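The next part holds the structures, each set out as C-alpha cells.
After this come two complexes, each holding chain A, first together with chain B and then together with chain C.
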Partner chain A sequence: MARIDSAFADLAALDTLAALDSPVHRLDPRVKVLTALVFVVCVVSFDKYVLAAMAPFALFLSLVMAVAGIPAGYVLRRVALVAPFAMLVGLFNPLLDQQPQFFLGPITVSGGWLSFGSILLRFGLTVAAMLVLVAVTGFHAVCLGLERMGMPRIFAVQLLLLYRYMFVLVEEGQRMHRARSLRSFQGRGLGMRIFGHLIAGLLLRTLDRAQRVHMAMLCRGFDGTIRLRRDMRLTLRDLLLFLLVCLLLLALRRYDCAQLLGRLFMGS
Partner chain B sequence: MHMADALLSPAVGGVFWAASAGAIAFCAKRVQRSLDDRKVPLMAVLGAFIFAAQMINFTIPATGSSGHLGGGMILAILLGPSAAFLTIASVLTVQALFFADGGLLALGCNIFNLGVFPCFLAYPLIYRPIAGDGASPLRLGLGATLAAIVGLQLGALGVVFETIASGISELPVNAFVWAMLPIHLAIGLVEGLVTTAVVASVRKARPEILAAAAASRPLGSLSLGRVLAGLGVAALITGGALSWFASASPDGLEWSMARASGKEELAAPEQGLHSWLARLQEKVAILPDYAFRTNSSTPAAGEEATPSWPAVDAGTTASGLVGGGLTMLLAAALGLVFRRRTPLR
Partner chain C sequence: MSHHIVEVLDLIHTYGDGTAAVRGISFRIHHGESVAVVGANGAGKSTLLLHLNGSLTPQGGSVRIGDFPLTRETLPEIRRTVGMIFQDPDDQLFMPTVAEDVAFGPLNLGLPPGEVEQRVTRALDRVGVEHLRDRPPHRLSGGEKRAVSIATVLAMSPDILVLDEPSSNLDPRARRLLIELLAGFQHTKIIATHDLDLVLDLCPRTIVLKEGRIMADGPTGAIFDDDQLLADCHLEQPLRLQACPRCGRKQA
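Now for the complex of A and B:
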C-alpha cells in the first residue's frame, strides 16, 4: 500500500527526468530499448557464482546515468524499495549451499553466500537498467518504439491510454481510501463486505468514464482505426552507437574486466 | 507474486517472452476483429481501475492482515478473455517499467503467469461453465472464487517452475512448492471472495453491464482446441529449449559465443577444474565439521553443481575481488561526481 503510494509519487519524477535533454535522451527509443534488453540478458546470463565480473556493468550504467544527468540517489532509492523481495528469495542460498568456494584469510566463503551476493547484484543491475531506460526515454516513447518493432498497435494504444488514465483513477482511489479511513474507527468498515461495495462503486464510475471517453473519441472522429503520431528517425549515428554499445556489452560479458583490472592493480 | 529478472536464466526468460508475445499478438488480432471500438477506451480505463483499486485495501478476516485486489478475474468477467489478457499484460508492463516489479526479461514470465492462466484456463474452463449467464448469485460466486483460486495456484506453480528451471536460486523444489501453494491458496480464496462481492454489487446496481458482458459470445466462445494446442506447443518449446540449455554447462550466451569464436570461455578448464576440486577436497577433509556432502537437505547438489563451477584459484579470486571492488568504487565515484549536475525537479 505505502509502496504503491510512494511509487506513484515517484512517477512524476520519472516523467520529469524523461523530459531532460541529453545525448542519451536524444537517441532513438528503439536503440535504447534494445540496448536495455542486451544489457539485461548479458547480466542475467552470468553463472550463478559470478560476482566481480558483473561490476563493469554497474560502471556502464553509472556512465549512462552520468551522461544523461539521472541522479544516482533516486535510482538507488527505487532499487532499495524493491530489494526485500530478492533478499527473501536469495536468503535460502547461504543456508542450502554450504560448499566452500574460496577462503578470505580465516573466513570461508561458501557458494551460497556467493550466489546470494550474485542474486542481489543482478537484481540491482536489472532493476536499475529498467528505471534508467524509462528515465532517459519516457513511457510514451518506449511504447512507440516497441510498436515500431512489431508490438501490436492495439496493445501500444492500450498502454498509452492506460498510462494516461492511471493517474486520474489512482487519485480517485486515493480519495476513497482517505475518505474511508477518516470515517472508520477501530478498524470498523475495513472488512471485505464494505470493500466489495466500495470497489464496485469505483468500478461503476470507471465504466461511466470509459463511456464518456469513448463518446469524446467519437466526437473527435474516432472510427475504430487507431492512429499514432510517430516522429522517430533512426539515423546512422544511432545505429553506429548501438552497434558500439552492443559490442562493448558483449565484450564485458565475454572478458572478465574486473579480473583484468585487479591483476593489473596487484601486479600479478 | 512477480517473477524477477535476478532469478531468471536467459533461456527461460526468452521462452516465456516468446509465449507471451505470441499470446498478445493472438489477442490483439481477436480484439481488433471483434470490431467493437468501445473496447478501446474500456480496456484502458479498466486497466487504470486495477491500479486505483489497489490503492484501497481491506482487512482479511481472522488474520488482521490487509490485502488488496489483484483484479485478473474481474477483468476477465467484464471484458472476456482476449481483451482481459491484453489489459492484464498492459498493467504488468507498466508495473515492470515504473514500479520495478519484475523486470524486462521477467515480463514474459509475469504476463504468462498472471495473464494466460486466469484468462485462458480458469475463465473459460471454470468460471463460464459454473457461472453460466450469471443469473444465479450463488453460482456466480462459486465460479468466480474457484476460478480465482485455480488461476492463482497455476500462476504460483509457474513461478516455481521458472525459478527452478533457471537454477539461480537454491530453493529445493518441494519446499518451494509447499511454501507457494498454501499462501496462494489463501490469496486466491480472498481474491475470489472479493471478486464475488464486487461483481454481486455491480449486478445489483447495474445488471445490464454484466448481462452485456456475459452475452458477448465472440469473446466468450474461445475455441478451446486452439488454446490447448497453443499451450501444448508452448510446453513443447519450453521443454525442448530447457533440456537443450540444461544439457550442457555453457548457457545460451556462452554457447553462442563459443560457436562464434570457436572456443569456450574458460580456456583449459579441464585440468584446472580437476586440480582445484582435488585441492578443495583436501581442504574439506581438514575441516571435518563442514558436513560436506553428508548434508541431507542438498542430496545431489554436490554432484550437480560441480561441473558448472568456475575454475577458481586463490590468485584469480583475489584479483577478481580487487578488480570488482575497484570497478564498483569507480561506478560510485561517477555517481558522486555527477550527483548535483541536474536537480530532480
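Now for the complex of A and C:
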C-alpha cells in the first residue's frame, strides 16, 4: 500500500504544480495539448540511430519547465520510475545489431547500442512531455481542452469523474486494508480469499456511492448531459505563440541542429 | 406566501428488502420556518428527506411543495425550489473544480453564461469560500467541502433548504461557522440531525421520528424538556440543557 500511497501523493503534487501561475500556465489548454502532440510526433518520428539531433528537444522541454517553475527533479524521478519499460523494449537491440556505427576513442559503438540509447531518449522525452503538459495545465483542463477539440463529451466526462473519484476510492480501499492488517496476525487473513471479499466490498460501496452521486446530480437538474463551463479563450497571442513553437519544433526535426553547430565550430 | 409550504400527508415508503422506513407521516411546514427532524438511526429521517425533492417517489400518501403536488411533471420545478444538501459532501461535489461544481445546477437550468458566472460568485461569496473557486474538491477540508456543498445548492436560488446531518464530521469551529451561516439564511430550513445542540441554536420547531412514525411535533424547548419522550426515541437532552459536570447545576 505504501506504493499506492506515494503514487497518490504524486498525483496530488501534480495538482499543486498545475495550480501555479506562469506564462506557460496561462496559455490556452488547447495550445498546450497540440504543442505536446507536435513535440511527441517529432520525437518519435526520428530515425532509429538518431541521438544528438534530439538534444534540442530536451533543451526545449527544459526551457518550458524553467519558465513554468516545474522542478526538474520531480519530472526526472517520474521518468526514471517508468524507464524499465523502455529498457525492456530496447533490451535486445545491442545483441541483434552489432554493426559498428562509429568509434569513441578505443570504444566501438554498435548500431544496437545506438538505437537502444535512442529508444531510451525518445521514451524519456515523450513521458516527460506528457508529465509537463499535465503539470502546467491540470488534468481537468487537459480533458476540457480535448473536449473542445472534438473528443466526444462522454469520454471527457468519464475521465473527469474517474479523476475525481479515484481519490475517494483509494482512500476507501486504504481504510479497508488498514482495518484488515490490524486484525491479521502472522500473515493469517491476508490470503487471496479475504482479498476477494475486500474487493467485492469495495465494489458494492462504489455502486452505492455511484447511486448517491447520481441522486445528487438529479437534485441539481441533471438531464443526461453534463454541461461544462466554457471559459477557455484563445487569444491571438496564444495562436501566434503556437505557430511559432510549431515552426521551431518542425525546424528542429527537419534540420539536425547538433550537427550544424558542430560544423560551425569545426569549420568543415 | 403559500408557495414555500412543505406539506406531507400520510407518507409511506417501504424499501425493496421489506424494510418499512416511513409508515404514515404527516406534517406541514410554513414559509420561513426552520424545523429539525430528529430520531434514532434508522428512524426514517433520510428516507423522509429524500421524498421532499422527489429523489424517492411516495408509495402512499403525498408530498406538496408550495402549490405543486410532487409528480413527474412538477419534478424539475420542485428540485429547483428544494435545495438538497447531502450528508457526504463527496457525493455532492463531483465536478473537477469548485466553480465548475457550483455552476452545474445553474447550467442545467439553462441560464446564460453571464448569469451562471454571477450566481457562482454570489453563492461562493455567501458561504465565504470565494478563494477556493479553482481548487479541486478532493483537496478541501471537511468544513470547506460542506461550505461548497451549500454553495452548489444556493446557486440554484432555492426557497427551501433540506440538510441531512449538516454538522457530521466537522470540527467544533467548522461546526460553529456552519451554524452561524445557516442562521443567516432566510430560507425555509428542514434539518435532519443527531446534533441536538445545533437544533437548539437553529430550529424553533422539532419533529421527532421513531420507527417511521412521528412521535412528537412541536416547539423545540417543550420536546427537549420531555425526558420520557427523548428516552423512548433513543435521544438525550442537548448537552447545554444537561447539568454541568463540574458543579452539577443546570443552566438557568
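Following the convention adopted for this analysis, the second predicted complex is superposed on the first by the 256 of 268 C-alpha atoms of A that agree within 3 Å, B and C clash if a C-alpha of one lies under 4 Å from a C-alpha of the other, contacts with A are read in each partner's own complex, and residues count from 1 in each chain.
Please note the rule applied: a contact is a pair of C-beta atoms (placed from the backbone, for glycine too) under 8 Å apart; a residue touches a chain by one contact, two chains touch by 3 or more.
Just so it is clear, the model here is predicted, and its values are computed rather than measured.
Chemist: Given the touch rule stated above, what does A:26 touch, chain B (first), chain C (second), both, or neither?
Modeler: neither
Chemist: On the A-aligned overlay, A:174 touches which partner chain: chain B = first, chain C = second, or both, or neither?
Modeler: first
Chemist: Thinking of the overlay built on chain A, is A:257 touched by chain B (first), by chain C (second), by both, or by neither?
Modeler: A:257 contacts chain B only, not chain C.
Chemist: Thinking of the overlay built on chain A, is A:161 touched by chain B (first), by chain C (second), by both, or by neither?
Modeler: So A:161 meets both chain B and chain C here.
Chemist: Could you let me know whether more residues of chain A are touched by chain B or by chain C?
Modeler: B
Chemist: Which partner does A:140 contact after superposing on A: first (chain B), second (chain C), both, neither?
Modeler: A:140 sits against chain C, while chain B stays out of touch.
Chemist: A:227 in the overlay: touching chain B, chain C, both, or neither? Say first, second, both or neither.
Modeler: It touches chain C, and chain B stays clear.
Chemist: Just checking: does A:77 make contact with chain B only, chain C only, both, or neither of them? Give me first, second, both or neither.
Modeler: Once the two structures are laid over each other on A, A:77 reaches no partner at all.
Chemist: Tell me the contact category for A:237 with respect to chain B and chain C: first, second, both or neither.
Modeler: Neither partner.
Chemist: Once the complexes are superposed, what residues of chain A are shared between the chain B interface and the chain C interface?
Modeler: 139, 161, 163-165, 168, 209, 213, 217, 222-223, 226
Chemist: Per the contact definition, I'd like the list of chain B residues that touch chain A in the complex.
Modeler: These residues of chain B touch chain A: 2, 4-10, 13, 24-25, 28-29, 31-32, 35, 37-38, 40-49, 51-61, 66, 68-69, 74, 86-87, 89-91, 93-94, 96-101, 103-105, 163, 167-172, 190, 193-194, 196-202, 205-206, 209, 251-254, 257, 265, 280, 283-284, 287, 290-292, 295, 297-298, 301-302, 305, 308-310, 312, 314-328, 330-332, 334-339, 341-342, 344-345.
Chemist: Would you mind writing out the residues of chain A in touch with chain C in their complex?
Modeler: Going by the criterion above, the answer is residues 12, 15, 19, 139-140, 143, 160-161, 163-165, 167-168, 209, 212-213, 215-223, 226-230.
Chemist: Quick one: in the complex, what on chain C touches chain A?
Modeler: Those in contact with chain A are residues 50, 53, 55, 76, 79-80, 83-84, 86, 88, 90-92, 94-97, 99-100, 103-105, 107-109, 113, 116, 134-139, 152-153, 156.
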